[in-house]
Amino acid sequence: MFRHDKQLLKEVRVDKPNPNYANMMQEQIGGAHGELKAAMQYFSQSFRIKDERIKDLFLDIASEELGHMEMVATLVNLLNGHQVDAAGTTAGNIQASVQSGLTPMLANASGYPWTGAYMEDTGDLAADIISDIAAEQRAKVVYQYLYRQINDTGVREAIDFLLNREEAHNTLFRQAFNMLEETGSLADWGVTQDSKQYFDLSTPGQFFDQNNLSNPKPPKFIIPNQQNQQQNPNQQNYTMAH
Amino acid sequence: MFRHDKQLLKEVRVDKPNPNYANMMQEQIGGAHGELKAAMQYFSQSFRIKDERIKDLFLDIASEELGHMEMVATLVNLLNGHQVDAAGTTAGNIQASVQSGLTPMLANASGYPWTGAYMEDTGDLAADIISDIAAEQRAKVVYQYLYRQINDTGVREAIDFLLNREEAHNTLFRQAFNMLEETGSLADWGVTQDSKQYFDLSTPGQFFDQNNLSNPKPPKFIIPNQQNQQQNPNQQNYTMAH
Amino acid sequence: MFRHDKQLLKEVRVDKPNPNYANMMQEQIGGAHGELKAAMQYFSQSFRIKDERIKDLFLDIASEELGHMEMVATLVNLLNGHQVDAAGTTAGNIQASVQSGLTPMLANASGYPWTGAYMEDTGDLAADIISDIAAEQRAKVVYQYLYRQINDTGVREAIDFLLNREEAHNTLFRQAFNMLEETGSLADWGVTQDSKQYFDLSTPGQFFDQNNLSNPKPPKFIIPNQQNQQQNPNQQNYTMAH
Amino acid sequence: MFRHDKQLLKEVRVDKPNPNYANMMQEQIGGAHGELKAAMQYFSQSFRIKDERIKDLFLDIASEELGHMEMVATLVNLLNGHQVDAAGTTAGNIQASVQSGLTPMLANASGYPWTGAYMEDTGDLAADIISDIAAEQRAKVVYQYLYRQINDTGVREAIDFLLNREEAHNTLFRQAFNMLEETGSLADWGVTQDSKQYFDLSTPGQFFDQNNLSNPKPPKFIIPNQQNQQQNPNQQNYTMAH
Amino acid sequence: MFRHDKQLLKEVRVDKPNPNYANMMQEQIGGAHGELKAAMQYFSQSFRIKDERIKDLFLDIASEELGHMEMVATLVNLLNGHQVDAAGTTAGNIQASVQSGLTPMLANASGYPWTGAYMEDTGDLAADIISDIAAEQRAKVVYQYLYRQINDTGVREAIDFLLNREEAHNTLFRQAFNMLEETGSLADWGVTQDSKQYFDLSTPGQFFDQNNLSNPKPPKFIIPNQQNQQQNPNQQNYTMAH
Amino acid sequence: MFRHDKQLLKEVRVDKPNPNYANMMQEQIGGAHGELKAAMQYFSQSFRIKDERIKDLFLDIASEELGHMEMVATLVNLLNGHQVDAAGTTAGNIQASVQSGLTPMLANASGYPWTGAYMEDTGDLAADIISDIAAEQRAKVVYQYLYRQINDTGVREAIDFLLNREEAHNTLFRQAFNMLEETGSLADWGVTQDSKQYFDLSTPGQFFDQNNLSNPKPPKFIIPNQQNQQQNPNQQNYTMAH
């Protein structure tokens, strides 16, 4: 079950209302790489996870992403200001002015409603985690684009926080990935000739190094060695306290 | 530009028509992790790639995925047989019997039309490639599910080939990923405190090892060492010949 | 921010797996009148509510609906069992067997992915609350249909609880509605002749009593009188305790 | 069956073309709370209604909503003017300039095509009518937003008419609701303890008055008393005459 | 404006309820080539037509298609019977049993909701009419598939009528097409070399006769000569009379 | 199988970047009448075609349309320039600036993702070809709108080529149509009285000439006579050579 705490995960503010910025930030509420997608994906995937550590990780991050969505929605709400003004909205969709009465929407920057088609749940833990790593990488990219284009110190502070949190999740998902056994979609990797061939179908081209296909292995991430990590013994589990 | 060769990338056959199997295979034509999605994703991403080697790789694989889609569509066409028969289709959608006249459709197993919302193009090469690795992993999972449930030797032969090709692509994309500089979404990874915290928001739970967050690094894949690879010097670039 | 408690809002169980029942219950995860829709709708609407009491009510119910979604997803997970089996799924979509690997999906019973197009956020409190009352009424109807068709004592127990909770929300939303001033979309109701006419455009027909249009008033609900309510002084606020 | 009369339900005009206003008005053709949605919802619901008076009411209003859609489409057509001009369209979608050649589209203000996912048909008369009351309330809100932002006397006249008609429908639907027996989704309301509890899941907060849950009743609307209504004996059934 | 006549365009009946047949017939309510699509397409296109004869034709047919939709919805309603029964629905979607309470839905046979993306309005009369001819041809095909698979004399009678009406519309649209001047998308046809080349991109293949490209002309339909037509002088305009 | 040639079907260039023009051109990548739709439609339809000449034609054109899509995507890529700039994008969607990092997207000008719902595959050759003729006519119209509004010599050159190619395809599809036997949806045309009636449902109106319905025939196109064509004996099959 979920409980809601009226305090935001991290407080946000904006310099001033700006409906175009509001639209741009909508991307991270209801867009393909946004917070609702992340929250729902990890939450859905968690149902069939048996390893309690990984299941806990997924639910920790899913809950956090819901809190991120709330932060972004609060930003959008502030940026939308107090007047419906479709004519003053020159970038992106105008639904806030004609449909939602400035309420943050579950839609992307151009007005396309969020869709469950964004979900990437496969029931295979390796495929799910690597999908989540990719999702975090994309989420970071979108925040980078937004940061670059939104000239508002409040919004940028929030983006900076959110972007770094996606990095943290990315790191954690990679660690979880490396804990996996070579079962499911990782099993029997590269044992057939078909998996070692290269089909050169686009021409002309600088062909890729074929040698690399000779001894294929399933995905595994490089993780910083333990020694380095133990140099930071003071790193604490940050339990939210208020 | 694209050219079409009437020979399939690999010939396919089925034991006998089976509209339920046809529906199941539809998943890999028009589903979220299917061949059209893969082809379109890599093709779209290729437009902004500057590294000619990686661009070539993307276009080689995109072209191959179109050929895969053709193979799967040929299977669906054969499995659909010669009679529209909605009543005899007890699993999945019945559009082949009431709409497409047994023509393979750009829709998933349950009739949801393919959507550009499946695309994961970010313009950031790291995010794009890791998304593609994830896509290949998911595609393999779907083929595994299909293989397990479809008791038809012809379909299984085709799935075996296609599944192994997804592995090959996965391997190649990982190699491409490791060629990337630490720029774009890989730059400045883990330099803030925000990127090193763990928010324990789902309770109770076996908490994750926090030490791992102390020295975060951007994603990088382990690739089998060159020495092992050079033990297979005879591995040749397979250029399609017919 | 949201916190997750690994205990369900109310524990659930099923008699035995049944993929058709799983599909049917999918309707209340990702369908038009399902729990995700309810949670997201009330959560989104809450952003612009100024009356703190009503805002709190919306967030209480939104949080509860997320917990309902988790209960339904747990039921679907149990009903999906342990084997992908598209051929054994004769009612509704087969995505669990070919796409999600039995993971509960954000889609309805027939496989249509959840969409933000279900949201009914208007930024007008009267319109929002009456939309929520209607949503609760529809949610109850869907649970009634499911109860009637699902012959599994565990699922029925869960549905019975969820259905009654929708009633409780419905009651609470009506009370909140009656607290509203006649502003926004409730203002100036029925002051023009246009709002008092009846256009008899479908013929022949037993025409509706026109007198009722002579003195139109904005919506207001009948609420049981206080005296009756005070006859139940022991009714306590139930704060979840575990 | 439907017949079309080339005379509009009420004639419309615009001061001058304005593609941004055209986009805004698109919301009420093809948006979530627009006229097509209303017409189709009431028309669909009417099929299973047994009470002939209510069925007639639904079909009268459904027909009128089709006429409203025609009025709005005529406005959009006039506002679109005579030149495709995407660059001159700075608010909302540009499909009129690149796709429909200025033809009014079945899409909302930002270009999202109308979808049957907007429908709220449940086969339960109480749930259907209360959904319709809510739909009318939302439709009014959208018209209020449009009125406020569109500075064109012709468009405003039309909106004023349409907005008041939604009020009339709202009033009529409420009267129809109060005619219902306590069957279907209105039966056995609030008879379990589960329906009388309050889950305080968002904290901190000013909690809602729990007493109100002690004796829950199904929805019922307050209707102006008959005596007042009979003070307007001259109110006539307005049968369209031309 | 539209008026509704409670008499169907043509009365319908079914032998007995059959939820699978109901699903199949759903295709012609809310499917890509169904009656709602036809009605909405012609109605939308009519707004910018200047030739009053063609405009009238479009509105006549659009109105008739609404009446067809009503006939098909009545069939679906009858076929859905009186009991929600998802388990007994083995072909197509189960939304009637879990969502709409047996109410005919604006969705296709497999549950995909109708979408404005089906519309083919271009604002160019030639493109619009030829799109309508194509739409009528597809609608006929779907009715043929349905007729072949539905073993119910009542449904077949209705299909026979509807199918023949699509033929009549097809004929009428072709006549309207031939009335067009060579303007808009018909102007300057085939005047460049680019329009006369053949790109042989799929190999090997029996190449198409290139000569046919030497002197391209815009589309024009062969219409039976007047003399033959005048052999049926008694053909009357059938004005609906009841 | 498909092969890719890194040379474009025809080279393209733009005068200078212009994100609004980029959005407009998006319509022909991912819009309802765009190149992806054309390629996928003809490719899908080809699977069930038995006449090898027509099948070859479909595959030739499908391949060419993929090449067209590549041309348009190259234009969009060039027009998008090098800076994400949502604020500088005043017409159409802003996804290139917040989601795709300037990568051409599979979406239309206003950001609606491409959907398989655009497909018009019926399995009936007459219906398929006439749908393709209509699709080519609509594609030409869209190119005409784009040409008129885009003041960039490079883009206009490309549009001119593409527009003329759609004409060529249109011509070829008509020739293929006329090769068909009167089977499938062309059989038994106009043999019932129902197919010869005119329902005058929109009033008042200048009624269409009823005589034309007296002797209905299935569609057939007028093709320029052979003699004229043979006056251009030098017209060669243009086989792409590079």
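Labels for the chains are A, B, C, D, E and F, by order of writing; each one numbers its residues from 1.
Please note the rule applied: a contact is a pair of C-beta atoms (placed from the backbone, for glycine too) under 8 Å apart; a residue touches a chain by one contact, two chains touch by 3 or more.
Remember, it's a predicted structure, so these values are computed and weren't measured experimentally.
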| item | value |
| --- | --- |
| Both-way neighbours, i.e. chains that touch subunit C and touch subunit A | B, D |
| Rotation angle superposing subunit B onto its copy subunit E by C-alpha atoms, nearest 5 degrees | 120 |
| Furthest chain, CA centroid comparison against subunit F | C |
| Subunit A and subunit E, separation of their C-alpha mean positions in angstrom | 44 |
| Approximate Å spacing (C-alpha centroids) for the pair subunit B, subunit F | 28 |
| Cα-centroid distance, subunit A relative to subunit B, in whole angstrom | 20 |
| Where subunit F touches two or more other chains, by residue | 1-6, 9, 32-33, 59-60, 62-63, 67, 90, 93, 99, 101, 110-113, 115, 117, 119, 122-124, 141-142, 201-202, 205, 240 |
| Every chain pair in contact, whichever chains are involved | A-B, A-C, A-D, A-F, B-C, B-E, B-F, C-D, C-E, D-E, D-F, E-F |
| Residues of subunit E defined as touching subunit B within the complex | 20, 23-24, 27, 31-33, 90-93, 108-112, 141-142, 145-146, 148-149, 201-205 |
| Touch list for subunit D against partner subunit E, complex | 1-9, 30, 36, 40, 43-45, 47-48, 59-60, 62-63, 66-67, 70, 73-74, 77, 99-107, 113-117, 119, 121-124, 240 |
| Subunit B - residues contacting subunit A, complex | 9, 32-33, 52-53, 55-57, 59-60, 62-64, 67, 112, 115, 117-120, 122-124, 126-127, 130-131, 133-134, 137-138, 140-142, 144, 160-161, 164-165, 167-168, 170-172, 174-176, 184-185, 189-190, 192, 194-202, 205-217, 219-224, 226, 228-232, 235-240 |
| Residue numbers on subunit F that touch subunit A, as the complex places them | 1-6, 84-87, 89-90, 93-95, 97-99, 101, 110-113 |
